[in-house]
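Here chain A shows up in two complexes: once beside chain B, once beside chain C.
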Partner chain A sequence: MTSLILSTATTYLLPLLLLLSVYLLLHGHDVPGGGFVGGVVAAAAFALYAIAHGVEEARRVLHTHPRTLIGLGLLTALLSGVIAFVSNEPFLKGLWTTVTLPVEWKLGTPTLFDVGVYLVVVGVTLMIIFSVAED
Partner chain B sequence: MKVLLLLPLLIPLLTAIISLLVWDRRLQRIFGVIGMAGLLGSAVGLLRTVCKEGIQAVQVGGWPAPFGITLVADVFAAIMVVMAGLMGLAVMVYSLTSMDKRRESFGYYPLTHIMLMGVCGSFLTGDIFNLYVWFEVMLIASFVLTELGSEKAQLEGAIKYVTLNLVSSALFLTAVGVLYGMVGTLNMADLANQLAKVKPSGLVTTASMLFFLAFGIKAAVFPLFFWLPASYHTPPVSVSAIFAALLTKVGVYALIRVFSLLFTGQTAATHGLILAVAGLTMATGVLGAVAQNDFRRLLSFHIVSQIGYMIMGLGLFTPLGLAGSIFHIVHNMLAKTNLFLISGVVHRVKGTYQLSSLGGLSRSSPGLAILFLVSAFSLAGMPPLSGFWSKLILVQAGLQAREYTIVAVALVVSLLTLYSMTKIWNEVFWKTDPAEGEQEPAKTDSFGEAESSLALLAPIVVIGCLIVSIGLAAQPVFALFEKAAHQLMNPAEYIRAVLGELP
Partner chain C sequence: MLIAVVSGFVFSLAVPLLHRTVRNVTDWLVVLLPFSLFIYFSFLTQPIAAGGVLSSSHAWAPSVGVNLSFVLDGLSLLFAILISGIGALVFLYSSGYFKGHSGLGRFYAYLLIFMASMLGLVLSDNVIALFIFWELTSLSSYLLIGFDHERSSARSAARQALLVTSVGGLALLAGLLLLGEAGGSFELSQLLREREAIRSHRFYVPIVVLIMVAAFTKSAQFPFHFWLPNAMEAPAPVSTYLHSATMVKAGIYLLARLSPVLGGARIWQGTIVVVGAITMLIGACLAIKETDIKRILAYSTVSILGVLTFLLGLGTRAAVEAAVAYLFIHALYKAGLFLVAGIIDHETGIRDVTRLSGLARIMPVTALAAAVAGLSMAGLPPLFGFIGKELLYTATLQAPLANSILTAAVLLTSALLVAVAGIVSLGPFIGRTMTLSEKHGGVPLTMTAGPVVLAGLGLLIGLLPNLVAGRIVSSAVGAVLAQPAAIKLALLHGLTVQLGLSGLTFALGVTAYLRRDALRRAVSRFDLGTALGPAKGYSLTLDGMTALARLQTRILQSGHLHIYLFIILAVTVGLVGSWLVRYYGLMRLEGWADIRFYEFLTALVIVAATIVIVRASSRLFSVVALGVVGYSMGIIYIIFGAPDLAMTQFSIDTLTVILLLLVLYRLPRYARYSTTLERLRDAAIALAVGVLVTGLTLAATAVPPISQISSYFAENSYLLAKGRNVVNVILVDFRAFDTLGEITVLAVAAIGVYSLMKLRGNGSDG
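And then the complex of A and B:
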């Protein structure tokens, strides 16, 4: 039962929702948001796409297997801890630096950790949703 | 060397990540063995450092002690991490042959690494809430491992296992909440300081009993052990073996840690109760075992029985008693894992775990029979194997503390252990094969291939040699355990290592 309205709408909604999820992820350090919420929104976007176009199509749009996302996420989180370690600080200590793009941007290892959380959440949620939907 | 404290956590995590990313069965197997070997290596390095330089502590994230999460390794924790690495490596090598392709392709290897990370984390953390988190990491991985393959019996066992462990986790969390409400800290060293200042009250006793219940379920002590024999024989044998080696021992470790560091104010009540439970656990476990007719179920009941000895030393609460407990934990991890691995080999050769339909293995595979005898005699406490010394020390500690009842129970249970081991010996190895002459095809399997049987037998032989060598060189090993027990009995050094020179 594919609905024309839903499938047309999700084609436009997917990029918008992903943009929102990245916004939530990057915003999360100071205000509500963060890796988990961002990840859930991104996973919801793909889940919506799967409802509209089928799981096969959603997997194709995702490009990689959700499992790889889990691995990458864990690796990113681990890396954020190790960066502090190799610069002679305790493991997982938050290190911050300010990058001056057109706007000033605080960049630090906690952000990197959040990116890891984001990827793991997307990976786990989609793995569950896809395998339940395919059954 | 602060990095040594982190390596036992980072190596399994990294191995799991690599396994997730490559997801190729062949590569996962190779990385699995390398990762476990790395874990063992780092653990041995940690133990050496701790022995040389005293208790090591790391403040994760640079947050100072009572506020952040601390990782601590004293000799006891380091010994446990070494044993975890050793058992992990042995079972990993064994799995190369024994694990079926289907389970491998559903992530057996990454899950095992994550579980090992949880186990090592529980041993190394110095924060009571963080201990809860590591317990969960370990449990969730173990939930999936029990269910992996979704056979009917497995799911039935898994339901019991998951339910009981969730109850235990809830109790654990409640206990942590009560404790935090009382003294306002979660760091174990700081808790020890604060609890010493609190007047003995009903609330302290309640918290200590909640911890005893929570860890008692995980360690499978009387009367909370019933989930263990109901679930441990259902998953594939390498999963059973690693569970038998590590999971209940994490519960015992937590019991020893909590009742030697935090709740030492009312030893007459708390440790008296532990001692009574120890005796009942030993007795009920072994009586349950005598009645069994399934190889692995029988062994599962023995796990319960042996847990009794491990907490007996804690109940006595003397340096010698704790040294005996630690000795028994180490000995039991070796002997019990080995027996499970042997039961797997027997299953491979004969195609069943039912004692009544087995037989004749002492003639067809005498080497295996000898390996079984070494582990079984060690478990029953025959000299000069490792189990003899651990029981000797425990009995001696019991006599010194004038706890004659528990000593009598321990000795009688030893005899019954020997009896049930003899039962396995008679049924599996000694009697003539009931299926002799008719059922040849069951035997073949792929066991004949030299390469695959090497991966199966190598861990068993190595562990067997360790059992014998610990038995023959008991003195230096015992000196190490005595040092660990000394640190447990005198928590001042532990507290100083975590909190620094603060008052």
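And then the complex of A and C:
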């Protein structure tokens, strides 16, 4: 499966789609989006890349094994719950703080939780797709 | 105190990594943690002995009454000191025992998890937290017994220990929930105040039975005693730490902790005395029968656990004093002897006592430590064990009833244990010097430190008993009796009946030791344990369950995906459909006029695409048509104002198509495999499912929502959770716990798919 159009297109599409997925992830709290959709979009981006350039190449671009992402994601989600716990609040209670960057940006443990969801979704999807495609 | 418990868990995560990078430092770091905990708890003996109680509480799930609340009183303190002190020695010992073993990092991690859970167990004031720590100790015990997981005997022993203790764990959970119901609280300190209400509550008997099952399985009481000797598959440090000094005493701890709440009734005291007495006799007899040094020690531990249970059952002041002192004494000498057994095994590779002799010349320091610990076990002055034996006889002589029978039972047990002490701590070291096959380089200092320190403490406390009497023993006894106690221990009381009994015990024990071979043969002849014992019952139950599972699998699992789907769908349609018809009758569809043109068009596209999927002559057509269905669904979501759903639907559909394309050319030729009749049957069930789902949707939208939950979410999404996207707020905040569960399931599913894809065809039977 080598198509010049597809392989050239995906080279540019991959970063764009990843950017979109991160946008979806970070804005999900206020507008449609979130960790799940973001994760699926990111996984689709890598899947597309795998179709165009082969799984080996996609794995190289991903830099790490999908299972690492799954573990990392679960730990991140858990950590976001534990943060509330060590501040003597119930497990998984959302805690918020506002960070003033050039624009004001609210940062909270639910965001971190969503990052965990994102990572798990990317990891799970890619683990399945890569192993199906390689087989 | 939260830090004291949590530090072990946190550290256990880091240890495998540390061990891989800075190996030499890790050996010392893992000793440092229990040692600093030991120092911390030692400094607390003064305020606790003065009558203080230390407590701290952290909310966990306060809505269901579960908190991480910790209380340190005399009983907890005694356990905490044993756990951290012996822990430090065991970690030190492990670094020598496993020198150069590649799995040492993993071993440290398990052992740390165990230590932290055990500390949590004895410090918890909340019974649900106590239960969780209890299960964590069972789990870490499983991992540690099965540490050498390439041997099948280690694996089956680990599984046996886990199954037996988790039966107890389930009983414990049920018992504690009932207890919480009866007492109106999950906090032990609260329950203590409600004891009258609990004792007269209708749940009292079930609570007592369940709690006792839990305690008896954990502390290897008859008829659950068989798992402990088998657990000797574990490496020596584990046997020392879990299966003699600490974990197996968790059941004793539970009985002691709850006796102020539940004790006093005949069912409680009576059952505990009888079970304890049977266990101590059986344990002592079986210990004589064995020749493997670790199994001998394991059975003698069973026997001592029986003694402790028995004493708690008696429940008098003298009995509780004896129990607390004996618990302490036993932890010191038995841990020492287990470490010695580990050294012998490590250096000679032999565990059979009939083949070991003359080791004193090869390992003099170890031999000395073993001899001192053995003397404490035999209960000779001036060791701590002697004081314990005097207390034990005092307790049985003062027993409220049948004191002569009880004293005789204790006398017999103790005499047998004197013989056992001789077999394990004297036998291997005297006599003709063995020739060791390998060149021997001396026992490393890290390994001898443990037995020497523990035996030395036994001697020191024997000589100066009031070092611990006021500070540790009194407050522990006070906690069990729920009233202050001031105890003075002394080595000699003059010429008393107890002294006479001690002398008699020793004389009998020495006779038994000298005629040990004849005794072993005699006990073996009367051994019914292997033919009819509870261990046999365990294996029969296990085999029975496997057979049952195999039978029902053969009936229900045909292996055809097609049939599975058919059964699942047909059952769903049958059950849900009949209910729907019963409650709603047949529904009439109204409001056709409200359908707008583009809604109708989208629906039409979906139906048309579905027909294409089914009728398509090539697989590619089907896949594309499936995509059309998915995207049209997305459009419907948009029309009805659910952009989140639509977006998810679009992206999922894209992924599905990609996935299908990937597997497309790997599938067999696209052809008809089923007969027309089968196809008609499948069509019928598919239609039925469609009708059912339509009906369900209509029924769900027809009834007004009962709860106001959706408006609550909509109103509070921004106020409470600072998010304008309600769907996302529900997922990551209001219902975050559910989401956490879902992503965990997702991860497990991925691992399943991965192993199916990658490991296919490697196993013998899939």
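One rule holds for everything that comes next: the second predicted complex is superposed on the first by the 135 of 135 C-alpha atoms of A that agree within 3 Å, B and C clash if a C-alpha of one lies under 4 Å from a C-alpha of the other, contacts with A are read in each partner's own complex, and residues count from 1 in each chain.
By definition in this document, a residue touches a chain if its C-beta (ideal position, glycine included) is under 8 Å from a C-beta of that chain, and two chains touch if they have at least 3 such contacts.
This structure is a prediction, so every number in the text was calculated from the model and none was measured.
Applying the stated contact rule after C-alpha superposition, one finds that A:Gly28 touches chain C and leaves chain B untouched. Contacts of A:Leu92 after superposition: both chain B and chain C are touched.
Touched residues of chain A, counted separately for chain B and chain C, are more numerous for C. In the superposition on chain A, A:Leu78 makes contact with both chain B and chain C. Looking at the shared chain after the overlay, A:Ile70 reaches both chain B and chain C.
Once the two complexes are overlaid on the shared chain, A:Val61 sits clear of chain B and of chain C alike.
By the touch criterion stated above, A:Ile129 is placed in contact with chain C alone, chain B being left untouched.
By the touch criterion defined above, A:Leu16 reaches neither chain B nor chain C.
With the contact threshold set out at the top, residues 67, 70-71, 74, 78, 85, 89-92, 94 of chain A are in contact with chain B in one structure and with chain C in the other. Of all residues in chain A, only 24, 28-37, 40-41, 43-44, 47-48, 51, 66-67, 70-71, 73-74, 77-78, 81, 85, 88-92, 94, 96, 106, 108, 110-111, 113-114, 116-117, 120-121, 123-125, 127-129, 131-133, 135 touch chain C in the complex they form. Residue ranges on chain B touching chain A, taken from their complex, read 2-3, 6, 10, 13-14, 16-18, 20-21, 23, 58-62.
Only residues 58-63, 643-644, 647-648, 651-652, 654-655, 658-659, 661-663, 666, 721-725, 727-729, 731-733, 736-737, 739-740, 743-744, 746-747, 749-751, 753-754, 757-758 of chain C touch chain A when the two sit together in their complex. Looking at the complex, you find that chain A touches chain B at residues 65, 67-68, 70-72, 74-75, 78, 82, 84-85, 89-94.
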